[in-house]
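Each chain carries a letter (A, B, C, D and E) given by its place in the written order, and its residues are counted from 1.
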Amino acid sequence: MQVNENFEPVIVAFCCNWCSYAGADLSGTNRLNYPTNVKIIRVPCSCRVNPMFILRAFQKGADGVIICGCHPGDCHYTSGNYFTRRRITLLYSMLDFLGIERNRTRLEWVSAAEGAKFAATMEQFTADVKALGPNRRLEDLRCRKQ
Amino acid sequence: MQEAMIKRAKELLADGSVDRVIGWKRGEFAYDITPAVFTSAEELEHDFVFDDFTAANVSKYLVKETAKEGKILAFLKPCDTYSFNQLIKEHRIDREKVYVVGIPGGPKLDIEKIKAKGITGVLSVKNEDYTLKIETLYGEETMPFSEAVLDKCASCKSKKHVAYDELIGEDGDVLESNRFDMVEKLENMTAQERFDFWRGQLSKCIRCNACRNVCPACTCENCVFDNPKSGIDNKAAADSFEENMFHIIRAFHVAGRCTDCGECSRVCPQHIPLHLLNRKFIKDINELYGEYQAGADTTSRAPLTDYTKDDCEPSVVHERGVE
Amino acid sequence: MQRIGVFVCHCGTNIAATVDVKAVAEALGHEPGVVISQDYQYMCSESGQELVKSAIREQKLTGVVICSCSPRMHENTFRKAAASAGLNPYLVEIANIREQCSWIHKDIATATDKAIILGKAAVAKVHLNTPLSSMESPVVKRALVIGGGIAGIQTALDIAEAGFDVDIVEKQPTIGGKMAQIDKTFPTLDCAACILTPKMVEASQNEHITIHSFSEVADVKGFVGNFTVKIKKKARYVDETKCTGCGLCTEKCPMKKVPNEFNMGLDNRSAVYIPFAQAVPKVATIDPNYCMMLRSGKCGVCSKVCSAGAIDYKQQDTFIEQKYGAIVVATGFNPINLDKYDEFAYNQCPDVVTSLELERLMNAAGPNGGTLLRPSDKSHPHTIVFVQCVGSRCDDEKGKPYCSKICCMYTAKHAMLIREKYPDTEVYVFYIDVRTPGKNFDEFYRRAVEQYNVHYIKGMVGKVTPKSDGKIDVQASDLLANEQLHIDADMVVLAAAIEPDKTARPLATMLTTQMDTNDFFTEAHPKLRPVESATAGIFLSGACQGPKDIPETVAQGSAAAAKAIGLLCKNSITCNPCVAHSDELMCNGCSSCEKVCPYGAITYIDKEFRMPDRTTKVRRVASVNPAVCQGCGACTVACPSGAMDLSGFSNSQIMAEVDAICK
Amino acid sequence: MNNDTLIPKIGVVTDIRQDTPDVKTFRVVAPEGGKVFEHMPGQCAMLSMPGVGEAMFSITSSPTNKEFMEFSIKKCGCLTEWLHAMEVGQQITIRGPYGNAFPVEGDLKGKDLLFIAGGIGLAPLRSVINYVRDNRANYGDVQVIYGSRSKDDLVDYKEIIDEWMADPNIRVDLTIDNPQEGWDGHVGFVPNYVKELAPSTSKTVLVCGPPIMIKFTLAGLKELGFTETQVYTTMELRMKCGVGKCGRCNIGNKYVCKDGPVFRFDQLGELPDEY
Amino acid sequence: MLKISKSRLGELFDAVAAKQTLYIPTDREPGAAEYKKYESGMELTKELNTVRSAKDFFFPQTENLADFRIDGKNIEVRDIREECGDFVVFGVRACDARSFTILDKVFLCEPVDSFYKNRRDHGTVVTMACSRPAETCFCQTFGIDPTSPEGDAACFDDGESIFFKANTEKGQAFIDSIASLLEEGDTAKLDEVNAKTKEIMAKLPLAKLSTGNFGGDKLNEYFNSDKWAELSEACLGCGTCTFVCPTCQCYDIRDFNTGHGIKRFRCWDSCMYSDFTKMAHGNPRLTQLERFRQRFMHKLVYFPANNNGEFGCVGCGRCLAKCPISMNIVKVMKALEEK
């Protein structure tokens, strides 16, 4: 696939309040740069992320969606991210089954201490999505910017 | 079988064990059978039918029926008993108000498959030793029974009744079915091929909601797609909503709860193989979290409300097979 | 129409250096509903807050968006400011344009664009914010401690010390637990009974402590601050209030062939018994499985000899119900059953014993009065082999995957005590590793090796075979010498793994607390909340949470007490208002949400609904207890109908943010 | 291409009046000033805020008002909540007029008129009352019986007191459901009050209010000797198009949006009971 | 009559498609045909009819009515209507052709629906006579002759050739535009085919079905019939029947927020849906019984009452074939008549 240098993907990142959002803050505190394409939505726990939100983001024109939560076993709510893992695995598998590019979706465990990992993950993910080009398979044409 | 069922239903009505019977009612033609509730011996005698076309799963009607007074006799095929169990598990059916008579399952016939052979003007369909003798306006036609079998029956998962109060006929076994073959075939395609396949199929959707309304797992008081408060309500087949939201979310909502009864595909006026979406979830669940058959019992924990600490990471999706 | 105020913070140059804050304020001023959009040097400063407050008052704002640092930093600051200006604090949203924007980006144009989008998302969200108020839930000033071992006793004493009533429920006839069975304690070698029994007495005499011995928890309802617990008092056929503990009945009881569980079955007791001399309560208990009167109606000796008239053969199990504000679980541990360890001949040879059995054999109150004799022939053992890690650190089905933690130290203690008392006895210890982290632990172990010449051999015992001459052949490998050994032993002591008490699992279900796969209770956070369970108001004390030695157990018991006291001190609890709630009109009662709730906050009620046609219909619907819910949101996704939603992070709010970002 | 009725026009809200705790009256004019369109009393318009919703409201101002249209709207759903929250100067979309009107230039002409309204039911009748007042010579006696739950729930109370009650040519009888401090008028339900007042059966009646009130009022009127052909009412059902095409507001073969909303009771009687 | 050999039909289609958009029914999969925009090489289906009706061409499932832009308190309405390009729908059956007459009565009566009219003005309907009616056909109940379909122009197939006949000026213009490809032909064989079709028509299982007991005057007779409960009992409340029906025209108007404006669109709605008449404060059709009754009363009573006795059904048989529970207008008619 040809990489369009000018293509700036819209990337939605859902981050759990206790680990990943704090991890994102830490990467800020440490001045670790990652692309501006990433916009974070704070949720209490990764298990709050309804598959509906992910599809909605794609419908409205997002090019990539990443979900970040506490590492398994470290969930603030003890078990939330275990449910997330199953739900999101199945959803991503379904999207793959429907022929949606795999690199548009991702789930990462980022702890509050992993500012560097957060930045690196976002860097990589943005690059992956950029390489894929704009999301055409899940977008709603009505929402495309004229 | 039909006679035995009518006889038993009449007995149970007569001795007051049940007040109503849910089964199937004869139609205008050989195949247009309607699920119906019978309250008298006369109605049963006159209209009750159980034949190669009584494919409809009546389990979901029990949600409505058991909310009423009195007890109802339900004739359930093996596949229907799975739906029944799942509904019991989700507290949608009052078990006390149903008397379940297990009856043999299919394979049932699909009139659309007969018509797809170019056989039109069907007046009657007779099964003679697994050859269908079809009387039409344009003369008699024959075709092998096996070629007219409903898709859902062709990949039957079980002949075993998982819930019943009594059985008419023998109980069967859980089958080694080939039901995941098509899913596997799709999995082995490239992402572009899969996309093209599904875009082709799902874009046929006219959002009649038949799949949802017939689905025994879809018993929400108010479906998210009808509820303006849900934020994803959408009534019409508008742009790519069906392809990108409706069918995916619906499949996700029934994931781990879908018993694979196949009604969604059976009723789809556009012949979209919707069951493949559900089967994909079932296959994934089986492979990733251990074999699970929704509706096989009424107590086990559904895979999406359960977890183990050693569950695989979603990266398995990204790593497997071709893209 | 919403009246939203947007306040963009420069944070000195922290934000303003890479984000054009004026442009952000300008852009957000055009968003629907925004009536005022300002920027300021330091929003969090006194004067910055005043800016927000006066705007709330003057502009009659219905929502506030602060574009500033992370909400983890100042969300509370701005919520308080809003509240003081008369705006519900939950109508404030923060757009994080420092940590997640200005600090990570260098290009002013793109960083400004991003800040605007983050601001738009916050504006979109705040449109849908609803005023939330924290619910207050009263706290019952009484605690329940489940388990009367050293952990439970310590917890109860500490709570009582703080002036709160506390009940101990102990399933055995006496409190004391495992520690009461232990002879000496490591690393100080002081007598366990000498330090435990005063605490037991203290507990029994404390006016704030009620001991329900020979009792079990039958049912738990309610939630933090307001649990209702049903306690089953098992029939002991002796009126506790009358029995003086004189022990005459136990002497006179003709049925004397009952395996004595206190001595690990190494000797016998009578059918009516007091477990040990210092038992608390010191009250007799009749064992209905052996009592001839209860079994066949023939005997009645105890009744005749009891001058207090305390014997009551007709006694029944009774139930009492009590309300508690806090519950501490202290159900402790047991050694695992060694029936499956045929290689160690535990079931075949009486001289192969567990460490706890050895404690009793060496205890002055034990079967041999403190003289170490072989159970088989009461002879003095000259060679004793200790086998470590029996069932601990095991990958197979028989054992446990974890380290039982206490075995290394108590084995060193046993070896040392034996060598001290019987210098002619050779002691071998087969170990995989010797683990001695703890104050004075390694010194203790080294004393065993260096001072007492205990033979520590790194290696596995392969097989233990009783021989016809009464000796026991211990076949082992010495990993360091790389050779196979055979030792003719007189006794073999197995350091059996410990496991949580069997009653813990059903209890966890009643308490809706989490357990790990080994049935140890899971703490709310492994590092930061080690004595709380994830379920609010339930605390963990002692080995029920994981293997622990006595000092750790006591420490944790006190810590759990401190947490419980902290809760009981409050008259009411302020609940986090960002909790789940179920729309009963939409809920279909399918139970999916309940299954994923880690806190047991969701119950089902049958609710009557008025239908539009004026009939009524009873439906099962989910009901969230806001005092228990912690607001994770797992239920909201499990719910297919969308009936379950989370205040503060509602479906519509999150989707509004998504929409704003993707716009 | 011709204008299509489904494509709305813009209306500017120039005044908002809080009538009762849950009723506000909105004044709407065209962006260039003046009314967006002309109408007859009883007709309705579709108001909408794009993205929020669209719904049918009766035009409460009289056609004789040449400057603006008014809508009295009760808060009861998504759109109405939005409308209640808006501020003066807000634009909304408007299309219409829809439906038939009270036959002010037909059967009602020259007749003695009795208006009976309950709560927000005054909104459609207010248009007729003011039309009649402005064309007073064309009609006989005019009497208004209006009731509400409480004094605070009387819509357009100020206009009723200041204008109608001050008008010697019409009679106004007010009632509220329950006694209330500061109310020395009649207390009781509208249907009972109607019976009490026993108006002359020579009058033609226009009634509007909650269904239950209409039902009992009609029964009361019949007791008094009125016939169904003398009584008009106006209906409300879910509507989408406003022009009898979208298929949801029918009662039998009549579409409320097109054949209604004004019906005479004898006409309604011929329709199935599905409203 | 003018005709063209069936082997040259492709040429004819190419010629039509060169001038305007042409839609023909073609096979989507075995047993399921749909109208598709003609591309060279595409073949006419052998199926009797398409799964979806031809109403889509004039009344599509969704269409944009207007766009709005909102800026602060101001709203801008954008009329996005455009003059529709000319198009031809070829191969419409007699039943569907009649459905346009019915839809016209709804959409072309005052106030005229300009969206519908625009397409109607620019569309030419070329019908195709039937020769192999199915058991589900009952168009004759509604006085439709499938061997002589309405439409702007009608085609007839005698097995070898397709004959053309103009019914309207637009139809004549269509035939004129392809005149160079047509030749005069003998209709003897066609008459035979038609006679045979009529024989079959008489033998159809539903041939006896009559509308005699229905009409605008039957409101009270049927509205309160106790049959409705039984008939509607199994109804799933889906919209299959309404969506495949060529005459159902209920619609909904909704707004969609695209993130940079509001699109107001019209979409098909179904009176079978539970929220069809739901209001903030109640629903006049509370249960499926009322909704089910509405659909059939509308077709059999209300519509004829308002349209000089014309019924709201054309007997195409789609609902018979597609209803998931096989409940349909035929069963309803028969049950109501039983009394």
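Heads up, the rule we're going with is that a residue touches a chain if its C-beta (ideal position, glycine included) is under 8 Å from a C-beta of that chain, and two chains touch if they have at least 3 such contacts.
Treat the numbers as computed from the prediction; the structure is a model and nothing was measured.
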Steps needed, at minimum, to go from chain B to chain D via contacts: 2
Chain E and chain C - chains in contact with each: A, B, D
Chain pair showing more contacts of the two, A-B and A-E: A-B
Centroid-based (C-alpha) most distant chain relative to chain A: D
Whole-Å gap separating chain C and chain D, where each centre is the average of the chain's CA atoms: 66
Geometric centre distance via CA averages, chain C-chain B, whole Å: 46
Between chain A and chain C, centroid-to-centroid distance (C-alpha), Å: 35
Intercentroid distance (Cα basis), chain E paired with chain D, Å: 40
Sites on chain A at which at least two other chains make contact: 51-52, 56, 60-61, 73, 79, 83, 87, 140, 142-143
Residue list for chain B, restricted to those that touch at least two other chains: 224, 231-232, 238-239, 304-306, 309
For chain E, residues contacting two or more additional chains: 70, 252, 256-257, 259-260, 269
Chain pairs in mutual contact under the definition given at the outset: A-B, A-C, A-E, B-C, B-E, C-D, C-E, D-E
Chain E partner contacts - residues on chain A that touch it in the complex: 60-61, 140, 142-143, 145-146
Residue ranges of chain E touching chain C (in the complex, touch as defined): 70-72, 257, 259-260, 282-283, 286-287
In the complex, chain E residues that touch chain D: 65-66, 68, 70, 73-75, 77, 79, 81, 83, 106-107, 111-115, 118, 216, 219-220, 223-224, 249-253, 255, 257, 262, 264, 266, 269, 271, 276-281, 284-285, 290, 294, 297-298, 301-303, 305-306
Of chain C, residues touching chain E in the complex: 30, 32, 611-613, 659, 662-663
Chain B-facing residues of chain A, complex: 51-52, 55-56, 58-59, 72-73, 79, 82-83, 85-103, 105-107, 137-142
